[in-house]
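Take a look at this one; I'll ask things after.
For reference, chains read A, B, C, D, E and F in written order, and residue numbers begin at 1 within each chain.
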Amino acid sequence: MKISYVIPGPMSQGPLGPREVARRQDILRGWAAPDVEVSVRECPQGPASIESAYEEYLSVAGLAAVLTELEEQQQADAAIVGCFGDPGLDALYEVTSSLPVVGPGEASMHFACMLGRPFGIITVADGVVGPIERVAAHAGLDGRLAGVAVVDTPVLALGENPGETAARASSAGGDLVRRGATVLVLGCMSMAFLDLGPVLEAKLGVPVVNPVHAALAVAEGRARFRMRHSKTAYPVPRKLAAGSRLSSLLAGPTA
Amino acid sequence: MKISYVIPGPMSQGPLGPREVARRQDILRGWAAPDVEVSVRECPQGPASIESAYEEYLSVAGLAAVLTELEEQQQADAAIVGCFGDPGLDALYEVTSSLPVVGPGEASMHFACMLGRPFGIITVADGVVGPIERVAAHAGLDGRLAGVAVVDTPVLALGENPGETAARASSAGGDLVRRGATVLVLGCMSMAFLDLGPVLEAKLGVPVVNPVHAALAVAEGRARFRMRHSKTAYPVPRKLAAGSRLSSLLAGPTA
Amino acid sequence: MKISYVIPGPMSQGPLGPREVARRQDILRGWAAPDVEVSVRECPQGPASIESAYEEYLSVAGLAAVLTELEEQQQADAAIVGCFGDPGLDALYEVTSSLPVVGPGEASMHFACMLGRPFGIITVADGVVGPIERVAAHAGLDGRLAGVAVVDTPVLALGENPGETAARASSAGGDLVRRGATVLVLGCMSMAFLDLGPVLEAKLGVPVVNPVHAALAVAEGRARFRMRHSKTAYPVPRKLAAGSRLSSLLAGPTA
Amino acid sequence: MKISYVIPGPMSQGPLGPREVARRQDILRGWAAPDVEVSVRECPQGPASIESAYEEYLSVAGLAAVLTELEEQQQADAAIVGCFGDPGLDALYEVTSSLPVVGPGEASMHFACMLGRPFGIITVADGVVGPIERVAAHAGLDGRLAGVAVVDTPVLALGENPGETAARASSAGGDLVRRGATVLVLGCMSMAFLDLGPVLEAKLGVPVVNPVHAALAVAEGRARFRMRHSKTAYPVPRKLAAGSRLSSLLAGPTA
Amino acid sequence: MKISYVIPGPMSQGPLGPREVARRQDILRGWAAPDVEVSVRECPQGPASIESAYEEYLSVAGLAAVLTELEEQQQADAAIVGCFGDPGLDALYEVTSSLPVVGPGEASMHFACMLGRPFGIITVADGVVGPIERVAAHAGLDGRLAGVAVVDTPVLALGENPGETAARASSAGGDLVRRGATVLVLGCMSMAFLDLGPVLEAKLGVPVVNPVHAALAVAEGRARFRMRHSKTAYPVPRKLAAGSRLSSLLAGPTA
Amino acid sequence: MKISYVIPGPMSQGPLGPREVARRQDILRGWAAPDVEVSVRECPQGPASIESAYEEYLSVAGLAAVLTELEEQQQADAAIVGCFGDPGLDALYEVTSSLPVVGPGEASMHFACMLGRPFGIITVADGVVGPIERVAAHAGLDGRLAGVAVVDTPVLALGENPGETAARASSAGGDLVRRGATVLVLGCMSMAFLDLGPVLEAKLGVPVVNPVHAALAVAEGRARFRMRHSKTAYPVPRKLAAGSRLSSLLAGPTA
């Protein structure tokens, strides 16, 4: 089984560089089931990191292009969107039909609800609190959300001092536990790849869901059992159904 | 008072052409209060029409560019997003601070709730039912929504045969009334500029909210009374706050 | 355009006297659009001030009498109920048909939802917290309400020491912000006419909705675009439809 | 134990006359527990019948006057408001402190929820559907409400042809069962005193809650066990707490 | 009228012994209406006390056996389940048809909602907080629940030091009041039989619902007025309807 | 990785016999990932089939005994409860700590929400509709549930005529699609092992979630990534924490 993990921007050309992309692919391969081959794909165009709703929307066109290519060329049995905010997930469901596309945000929240209630989310900064709350609402799980707390660190700086990041995440998680959270979710893929779960579980005494784990479990399940998304709920855009190419949907000078 | 109505794509270069843009500006000026001057702006880049969540997301970057320019150059006291789906409204609130930005979808739904309950929405096609339901949820009004019904006509064809469009809208509206709607909303700006309200009201016996009317009322009110959106709820994206230009947030070859 | 602002009791005969009625009319005229003429009307019979659900109900008959007279004699294009608690708004919708009647409570809350989320309400005293929460529920917006906080001052004393009132409102507003409010609403017309918004915005850093502003914007919009309320949702009372006069609906010795 | 059943208007002076008042008192005495003495009280002033939200509000002052008199003179251990719409129940809780006041609407809905789910309500006419839905929302039980259906008969005519009324109630109840109701509530006191429950139960196969039964059970329980309402939730109106008389709260010429 | 109070285990053979069973029967008889005879029944098999969801489920078979026997032999006009958690109430509704079965948890919560809002629940230990929250959700009243606080004492030790128990209950109740509760519920039958209500009411200034009181009021009402539960909502299990005995539904070696 | 599938009763001694148990184990092994070994376990004591809430509760003690044995003897990395109604899942979470226990009902519903909205459930008979609705509420997903429809066939007869069962399931599923379901769930393990998904998907045009698939995906994910349930949310019962054996929690003659 082949799973593609799609980073929503040209990470290898940014400050983290190809080394971080390779590191994430190694981690993904270590975490996946033995019969699963994970490949990391980058979107040629996209935000350097996602710290706002605006940057989420900026990433949708690039993700759609990569995902439809994966589907058309049958390069993957499932694909994971590489951002916890599940940017444009409804649109990505619209433009694909047979390829299972997995949003790690909603996948994590669904797993969290199976572990305890209510759950809390630790994320990077104020700018994504609103977008994450909207993912919870989209998943229908906002009623179970105790809160979202932030470590208040730029995404690209999270890995510079993992100890500091863990300490801040632990403090944010402690706040959420005091607000009633009985299970926590790491609300950022960069935090997920730092594998902060075990240290937080030891400190805070509650389970911590890693969105990469949750997304892999959902992707493997959907691929293995061919659980496709509903085209009634997410119909193919009319112009695509009528034969237009995805890239032609954006009109204007540079399209 | 100056209000800018921003069309999320290059309409004048599409099949409807500059004539339709001019027609809409005339209508807007006729509907606005005497002391209000409305100007229509087009986004140089954007979808030809919006019939899916995907096309909504495609329109966000163009809208953000125009709105931030309006704000920086103080060309408007308020701006209306020219799509009923309120594409990327949270992101547009993020990138602006002093300019009131109005989403006609949520403006209409709020007015509808002040006229009756529950309310129903008549829109163009299946592809935007899900996105419109999400606008209702974002506005916190999904509990009042009796349903969304469609005329099943491409956006760009709505004006070709206004009688046919009115008949289909009346049929869709009748369905909604039977499902309990006590007030209806025209869920598409192209339907709004056909001014279908009076004929539907006469036929169906319930009030019909025109999203252009609702958006103008909200825009005038927010401009007159300087009701700015909350920057606590919609903070400026971190990279912009740190001095980056909006256009630099999209990394990659053609950004 | 003519808008009537209806005070739900004989204010000019109470401690505030005709001077306060005149002061409010001046403020309303200053705030309305240039083509709008606002007149203040008092109900001959009604509570001296409204500080409980009981006094809200006491005000309904007087409001209904004035509003139906305005409608019958075509003296106004829209009317604003002069109490934040929107007393008997459903009944006032029942007894009118063509006159737009605006409840400043729900108008403010709808505007607040367009500025941020969640929102909080600053009001006068414990006695109206429950009634205001019911306005939020009636508007369908209780899910967005962070809380209601009080300045704990009798309504008629609010204007005696505006500095003290502002300080208490600021303290109540600060509490609400700590409870998550990203936008505030002044939950009392007497506070609205003290124009506490700007000073609170400066102190607390969040937008503050003035219910007079919100009610004017809704009234102007509904009048300009003839947005009538739904008679399906709020049917004319059977006895009135059968020809009874409003005043005859109350049977008994002094009716 | 003494229970007072308070009719919200001068029924004995209306078309139904003293005979109907006496008939209801007989029925109440037959239904109450052996140690309970029920007395019927009429409000000297109030609507002839309640068929709209407006008439509900008209009845509040009269009810408050009677209930506070009952409390002050210790003439009752509990009182039942004689209208299914629970008119002004929050206000009636405000103006009383030690006397349990029972709203038959919410009492019935709470019992219905203990018998099955969802429940439906059969009432008289369109004019009270909205008010009854608001009682359900006030009781926190709107999520369990399958719907409200009407027999479409004026209140004062319900008893003229009991067979016809029963047939119409059965038809309305059948509609509700098809919409999912597993238990029904008679949503009008005049229907309750026709004792339509047994015939509807036999026809429709679901339990039918009689609001007089439910109100008696709640009144007896609250009186026996001194279950008073919360003055934190329903504080005494400030002016009353400061010594004003109830009747002085309405200012103006005839107050 | 005969009401059976069914203790979900062999209490007289446990540490509290027959004396406590007799004491509870005396209290019940003192609290019931004059024409009501209350008998206490014990389940021969069941948990010694209920301090977890697991022990709730363990008690269902024993309760079902006793309740169906009461129904078949017409030994009672109504029965009260002797555990605040309403263990298996839906199943107990399934296996009975004419006998009203009352869950004191939901009965108390419905009464609490008629006294104030929101309400809080004081219970014994962390282990039943989740189960009690599920009773509130089952009753449809979770939206009114301010919280559940614990005295943190084993059920069987509550009566050893009533003063200590009252002090702890008062502290827990104070917490709930600070979290917004305007009325409290004693969330454990052993606390109910200690009659902690009056002392807590005096200390905390809010009404306190005793679940024995609430259950008696509901049981008396349902018996007096023959309010049966809905067999549409709680159908007889298919195998029982086909003639199997209740005891044969558990297959296996010792069934 | 070892996964145990626990049948909540002695199926091999019932009418389906050891052949059906073996058939299910074969199917499970065929569906699991290559590195996963699935074993079927039966509970020595439990209902012959589960067609009511009552039979669900009857199965809890047997399930708890098997699951705690699996945990203590480290015989499994995860366990699946072999009933769609997730009987006693909260209790099973209480009595285990390190063993992931998976409820196929909630697992399926979470997957359904990731495929479309709203979703519908096809199950066997009226007797389990209520229990399944409570699983949806427990999972927090009742807001996404379009409905539950039944094939109206005894569980043990489902496999006798698979064609008939498929036809009835297709009819029930069609009803749900007309009620708005965009994805369906097979709401019974016996239907799941008939693998009705592909034929229903072909007929109805919407995805169909098989609860065995969903449960396997969740079990594999939770086992692989050691996602344990929260002991804060589901604490160990006090008596067990104090050293009692699980079997001693049921007092009385045959315990």
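Everything below uses one rule, namely that a contact is a pair of C-beta atoms (placed from the backbone, for glycine too) under 8 Å apart; a residue touches a chain by one contact, two chains touch by 3 or more.
Fair warning: this is a prediction, and the values are worked out from it, not measured in the lab.
Touch-path distance (fewest steps) from chain B to chain D is 2. Inter-chain spacing, taken between the CA centroids of chain A and chain B, is 29 Å. Spacing of chain B relative to chain F, judged by their CA centroids, is 45 angstrom.
Chain centres here are Cα means. That of chain B falls 54 Å from that of chain E.
For chain C, residues that reach two or more other chains under the stated contact definition are 233-234. Viewed as a network of touching protein chains, the structure reduces to one closed ring of chains, two contacts apiece. Across the interface of their complex, chain B is touched by residues 31, 33-35, 102-103, 106-107, 110-111, 113-117, 139-141, 143-144, 177, 182-183, 205-207, 209-210, 213-214, 216-218, 220-222, 224-225, 227-234 of chain C. Interface residues of chain F facing chain E in the complex, by the touch rule stated above, are 9-10, 13-14, 43-48, 51-58, 60-62, 64, 88, 90-91, 94-95, 125-127, 130-131, 134, 137-138, 154, 233-235, 237-239, 249-255.
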